[in-house]
Structures are given as structure tokens and as C-alpha cells.
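Some structures to go through are shown next.
The two complexes that follow have chain A in common; it is paired with chain B in the first and with chain C in the second.
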Partner chain A sequence: MLRVIAACGNGMGSSQIIKMKIEKVFKKLNIDVKIEHTSIGIAKNQAPSYDVVFCSESFISTFDSAAARGTIIVPLKNLLSEQEIEEKIVKYIVNKEA
Partner chain B sequence: MEFLLSIWGYFQANILTKPAFFVGFIVFLGYILLRKPIYEAFAGFIKATVGYLILNIAAGGLVTTFRPILAALKDRFNLQAAVIDPYFGQAAAQAAIENVGKSFSMMMQVLLVAFAFNLILVIFRKLTKVRTVFITGHIMVQQSATALWMVIFCFPELQNNGMVMMLGLLLGTYWAVSSNLTVEATQDLTDGGGFAVGHQQMFGVWLTSKIAPKIGNIGGKKSKSLDEIKLPGFLSVFNDNVVATGTLMLLFFGIIMTILGPELMATIDDKYKVESSFTFYILEKSLTFSVYLAILQLGVRMFVSELTESFQGISSRLLPGSMPAVDCAATYGFGNPNAVTIGFLFGALGQFVAILGLVVFKSPVLIITGFVPVFFDNATFAVFANKKGGLRAAIVITFLAGIVQVLGGAFAASYFQTAQFGGWHGNFDWDTVWPVIGILMKNLQYVGVGIVIIALLAIPQLQYFKNKAHYFEAAEDYDAYKAAMNK
Partner chain C sequence: MFKELIAAKRISFYEAFQTWEGAVAAACLPLIMDHTITSEYVDSIIKCVKEHGPYIIIAPDICIPHSQEGSRGVNDTAMCLMITQKSVMFNEEEGGNARLFFVLASMDNDAHLKNLQDLVEAISDEAVVEKLLNAKCITDLEGLE
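Let's turn to the complex of A and B:
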């Protein structure tokens, strides 16, 4: 099972939306996941113990050190676009593992 | 009949008027209605109720931590103080509501009526011209709390049910109309991203999209874009809400408590003894605000995520194709990453200048910068402003917005008397539109409420009137809209 964290500024609004959207797409792709959502600040500390972090492109630099330790960081432009999320899951996760 | 009444009485005394259980009950009911299995409904009930109880502890903690400082300010300078931040505002509103002996549960009832009314306005969109459903749960909680206190303040005699209905209609209208106002600007920014902003500064976003092109083109000289500049890397630490809140609180409360001095604090706060280190007392006290804010957010996150999911489920089941209005941070991915930082920086500068102004001109209420308005409002304005008017518009607009946030917040905290509990909502619409609504309600009573609802409902009509042929396309078929607009 993939451990996933969705992050945004305060960990309230947009990360919740990311969570709902990626949950739907992961289900469609038949990938087993456990998703949590939180703030950028907390996610930064927790990221190394997760497999994947989803966040808005504007916060991507926060996760440089986690990325260096092997966590997959997926930057999103449109948090609500299931199409974009699906393409990125395939690009960053499915193809990477294959 | 008597049996039924006694069941109702029991329900009312133990669930309806106890917000923690009411929230849990609503979530439980929502899950059942969405045909989820019973064990998931049970889990939802537990998480929502525990989340609310956590929130309660944190809201109480914020107010209690603030109390000695407020008392000392009153004692030494005859000053009141308020942090302009929706979490502080929510805690202050809850304290104010409970202080006059009303149940905070009404906040949840208002929220549900307002959400339902927003849905109704969209169902009849051919008539109302409203295209958006507001589904940002934590914002709905905060605004219901602050607005509920405003109504109790303006209508102290009104019965609870009347209050819930009236405010539900008013707030639902605001949610629908204000988020609908951001459709064009957000679709333009995101090139048809398919969402609108449903947050705390929709009138500000609209205003920004109107004035940014003018500022960006003053004297015919086009402004630089944010893409052309580079910002020092250390600024990005303030993207971290824990760091940003802690720093802001330390800055403000550090200055305030240093001025108040150790002797006064020792007499007022029994947690501090003159012989211990004042520096570390200040450090601990300031950071305690961050602690309770983090706890408060944990609690809100727990019960709101349950709510948001069911709101989304309900609106997509009832209104397929309606446009969701979501958190303003959803727009950040479409702006330059610098926009978020520039907005925060110049918004903070505007706020600090205005706060200095309050001190110099001896305002009876001191304002303390809170993280959410200064960061989220201004970052959002900067993203929209940069798109339409470049760097110059982003700087000018966020600086002015910072000033408005402080002056409007100071007025509101004093007028609506939440300064005694140390907070005011503080986001842009709540420093501009809502104080005006409050003044109308206070002075004209029901007539005022009527005027506000009618004026709000007229806004989408005006928008529609200006662009009849393509108004609905802007939300439903952006490519067609764009093609028509570019002609």
C-alpha cells in the first residue's frame, strides 16, 4: 500500500480537495493507498516517512530534502483536474515503479 | 404525542444544543444519506465529535492565553487588542456568543441552512444567475461563527430559530453571490480550471481583477512581471504556517509584553513570577498561541473533512456540472511561486504601516497581525494582480489590502465588541463588506437585512446583464467563452 500525504498552506482547504480528487483517481487506477492531508509545515517534517507527497506547484521547493531521501513529490497545477492528476500519477508513480 | 415531545426535548437538550454531538450527528446522518455502510457512519460520528471537542479546548486556550495580556493593556493604556485572523475570530465569536448565554450549536444550524440556500440559488440559476456552490468547509464554519455573533449583537431579542433562518439566508446568499463574482477572473487565471474561489476575499478578488490592469499600465508604461525577478530563498520559510505564525506572534506579543513590563505581567498573570526570566516567559507565552492554533486546526480539520466530503457529494449528486467554489490556495499553482511570497511580504508591510498608524493616532483598539489574512488574502490578490497587471499591481494592491485589513479589522473588532475576547475574523471581505452589512443590520434591523440580501442578489443579475450571451458559458464551456471573448 502506498502512503500518501496531501499538503497545502494551512492544511485545511486545498489539501482536502487534493485528497478527495487523488482518492478518486487512485481508485480508478486500482492503486491501494492511504491518504492523509495536512499543512506544508507539518508535511515537510513527515514527508520522509511517506511514499508520495502531493502539493501545489508553488510549494514544491519545500520538499527538496524529502525528495532527496526518496519520497516522490508530485506537483499539481490544477488541484481539481482529475485528468492532470491521472497523468501525473502515471508519470511520477506508475512508470517510476515499473 | 407527549412521548414524541419528550424525545424531541431530549434530542434538543443533549444533541441540538451541544455542538460537538450535533456536528457528529450531522456527519452520521450525511453518511447514511449518502448510503455509506453503518460502520463508516459510526467512524465519521466519532471523528467529527472528537474533532469538535479538540477545537473547543483550543478555542478556550487561545482566549485564556490572551486574557492576561488584554487585561494588562486595559490596565496600563486603556487599550483593547485583537488578532485579525479567522481562527482567533472564531474563538472570540464563540466566547462572545457563550458569554450572552446562547448555544454555539446555532453556528452549525446556520451553516446547514446557508449551504442549502446556496444550493437552491444554483438550482434556480436560470432565474438567479448564480453559478457556484461554496464547499470550503472550514471557511463555512468560521464565517457562520462570526456572522452568528454579529446577528446576536444586532438582534439581541430575536428567537433562536428566527436567527438561524435569517442568518442562513443571508450567509447563503453571500456564499453564492460572492463566489459567483470570481468565476470570470478565476477561469481567466486558470484558463478554464473549472472552479471559483469560495474563501474569505471574493470581493477583493473581483476588485483586484478590475483595478490590476489599470495599475499595471499607469502612464502607458507596462509593469514588469513577477517572472522577471528573483527573491531571496530564506523568505520561503514563511510558507510554513507554524513558522510564520510563531514568528508573527513572537514579534507582536514580544513588543507588547516588553512595553507592559515584568512587574505588571507578574501582578496580572499568576503563571509568571518576577524572579524568573521575562524573556523566556515572553517566548513561551507567544509560542503558546501557535500551539493552540495548531490544535484548533487539527480539530477543525477532523470534523470539517467529513463535512466537506458530504457537501461535495451532495452538490455533485444534486447539481451535476455546477461549479465548485473552493479554497483560494487552489489558485496558487497558476501563479508564479513568487506571487505568494510577494503578496505576503507587501501585505504584511501594509498591515505594519497601518498598525503604526493606529498607535500614532491613539486608536482604542490595537490590531495584531494574524497569519491567515496576511498570507492567504494577499497571496491570492498577488496571484490575480500579477496575471492582470504585473509586479507593480501585485505590490500596490497587496500593500493597500494590508492597510484595509488592519483599519477595517480595528473598526469591526471595536464595533462588534469582539476585541474583549481578543480577535476578529480579519480577512478582506470581513473588513469591508461584512462591517457594512453589520452596520446596516444594527441600524435598520430587518429592513437592513432585506436591503443586504436584495443588494447581494442584484450582483449576479448585473453580471449577467453585461454579458447575456456568454455568461453561463464562462462556467460551463470555457473554450466557447474564450473564443467569443477574443472575437
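Let's turn to the complex of A and C:
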């Protein structure tokens, strides 16, 4: 099972929206996941113990060190676009393109 | 969701704003008027955006100004919407514009999650977003649930 964390500025808005949306897309793709959501400050420290981090594009550099340790970072531009989420899951997680 | 926002007088319309700070403050006004939040919460939202960048923009034209759950200046869980006719620019270098401002305040996580779910469901429908962007007054929102 894939361990996923959704991160945003303070864990109350965007990260919950990301969680709702990616949950739906993972289900559609039949990928077994456990998704949590939190603030960027907490996510930065916890990221290395997760397989994947989803966040807004503007936060991507926050996760450089986790990425170096093998966590997959998936930056999203439009959090509401299931099409973008699906394309990025396939690209970053299924095909493992950096 | 929109019917309830209209009934609670929680939707406002403006032409344009010089600054995103001014836009966020105006967007919060309906919740200040009914004492859901105080100006302390507005300051907190602006501080968060300055600290983390315009991450409150979640999709083209759409932003969700908010700070933390149980933040100072929050008395209840609620949402309000401001629609501007001209785009408000958040960051000249990184870009990021918005015309729909859904302000979120949360005291109760379950109630907040319900608000968020309703919101996400509504604005995942492009036709709804289009209707909101074309609206200039409350009557233009007729037909939205």
C-alpha cells in the first residue's frame, strides 16, 4: 500500500481538497493508498517516511531533501483537475519519471 | 450551497482591487459583519499568504483565503464568497490570479470538512465556475443550488 501525504500552507484547506481529489483518482486507477493531510511545516519533517507527497506547485522546493531520499513529490497546478491528477499519478508514480 | 450563502448574505460582488490584501479583507467582510470572524483572522490570512506564497489559489481564477483551524479571531465554522469582475493579482513574479474568493473559517473540523466537500463538488463543475465568473449580481446566480 502506498503511503501518501497531502500538504499545504496550514493543513486546513488546500491539503484537504488535494486529499479528496486524489482519493477519487487513486480509486479510479485501482491503486491502494493511505492518504493523510497536514501543514507544510509538519509535512516537511514527515515527508521522508511517506512514499509520495502531493502539494501545490509553489511548495515543491520544500521537499528537496525528502526527494533526495526517495520520496516521490507530485506538484499540482490545478487542485480541482482530476485529469491533471491522473496524468501526474501515471507519470510520477506508475512510470516513476522524476 | 449557493442558496445557503445567498440566504445568509454571504456573497459579495466587487469590480476590482488594487492589492490582493485589499481583496482578501473585502472578501472577509460578510463574516465580520455577522461576527463569525474578527479582523484578527483577516490579518492572520494575509500573514499566511505572505509567509507561504499564494498557495490559497487552488485553480485558475479560484482562491480559498483561510488561516488555521481555531485561529484567533474565529468564532464559528463558515464560508463566504466574493466575486470580482477584474482579476486580482497575488504575485507579479510567480503569477497567480483570482476572481472567486471563497473565505473559509473553521472552529469545528467536521462542519468545516462538510463545507469543503460541498465547495469542491460545486466548483469541480466547470459550468458552475463559468456561471460564477459571469455573475455581476445575486440574480445572476439563480439556478445554482
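Methods note: the second predicted complex is superposed on the first by the 96 of 98 C-alpha atoms of A that agree within 3 Å, B and C clash if a C-alpha of one lies under 4 Å from a C-alpha of the other, contacts with A are read in each partner's own complex, and residues count from 1 in each chain.
Just so it is clear, a residue touches a chain if its C-beta (ideal position, glycine included) is under 8 Å from a C-beta of that chain, and two chains touch if they have at least 3 such contacts.
Predicted model only: the values in this text are computed from it and were never measured.
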item: Partners on chain A (chain B, chain C) - clash or fit; value: clash
item: Touching partner for A:42 - first (chain B), second (chain C), both, neither; value: first
item: Touched partner set for A:34, first chain B, second chain C, both or neither; value: neither
item: First, second, both or neither for A:14, with chain B first and chain C second; value: both
item: Chain A residues touched by each partner, larger count belonging to chain B or chain C; value: B
item: Partner chain(s) touched by A:91 [first = chain B, second = chain C, both, neither]; value: neither
item: Which of chain B and chain C A:58 touches, first, second, both or neither; value: both
item: From 3-11, 165-173 or 273-281, the chain B stretch with C-alpha clashes against chain C; value: 165-173
item: Footprint overlap on chain A, where chain B in one structure and chain C in the other make contact; value: 8-14, 16-17, 20, 40, 56, 58-59, 78-81
item: Chain A-touching residues of chain B, taken from the complex the two chains share; value: 136-139, 190, 193-195, 199, 236, 239-243, 297, 300-301, 304-305, 308-309, 312, 324, 326-330, 332-335, 337, 339-340, 372, 375-376, 379
item: Of chain A, residues touching chain B in the complex; value: 8-14, 16-17, 19-20, 37-42, 44, 56-62, 75-81
item: Contact set on chain C toward chain A in their complex; value: 48-49, 51-56, 58-60, 62, 64, 66-69, 94, 104, 106, 112-113, 116-117, 120, 123-124
item: In the complex with chain C, residue positions of chain A that touch it; value: 8-14, 16-17, 20-21, 40, 56, 58-59, 78-82
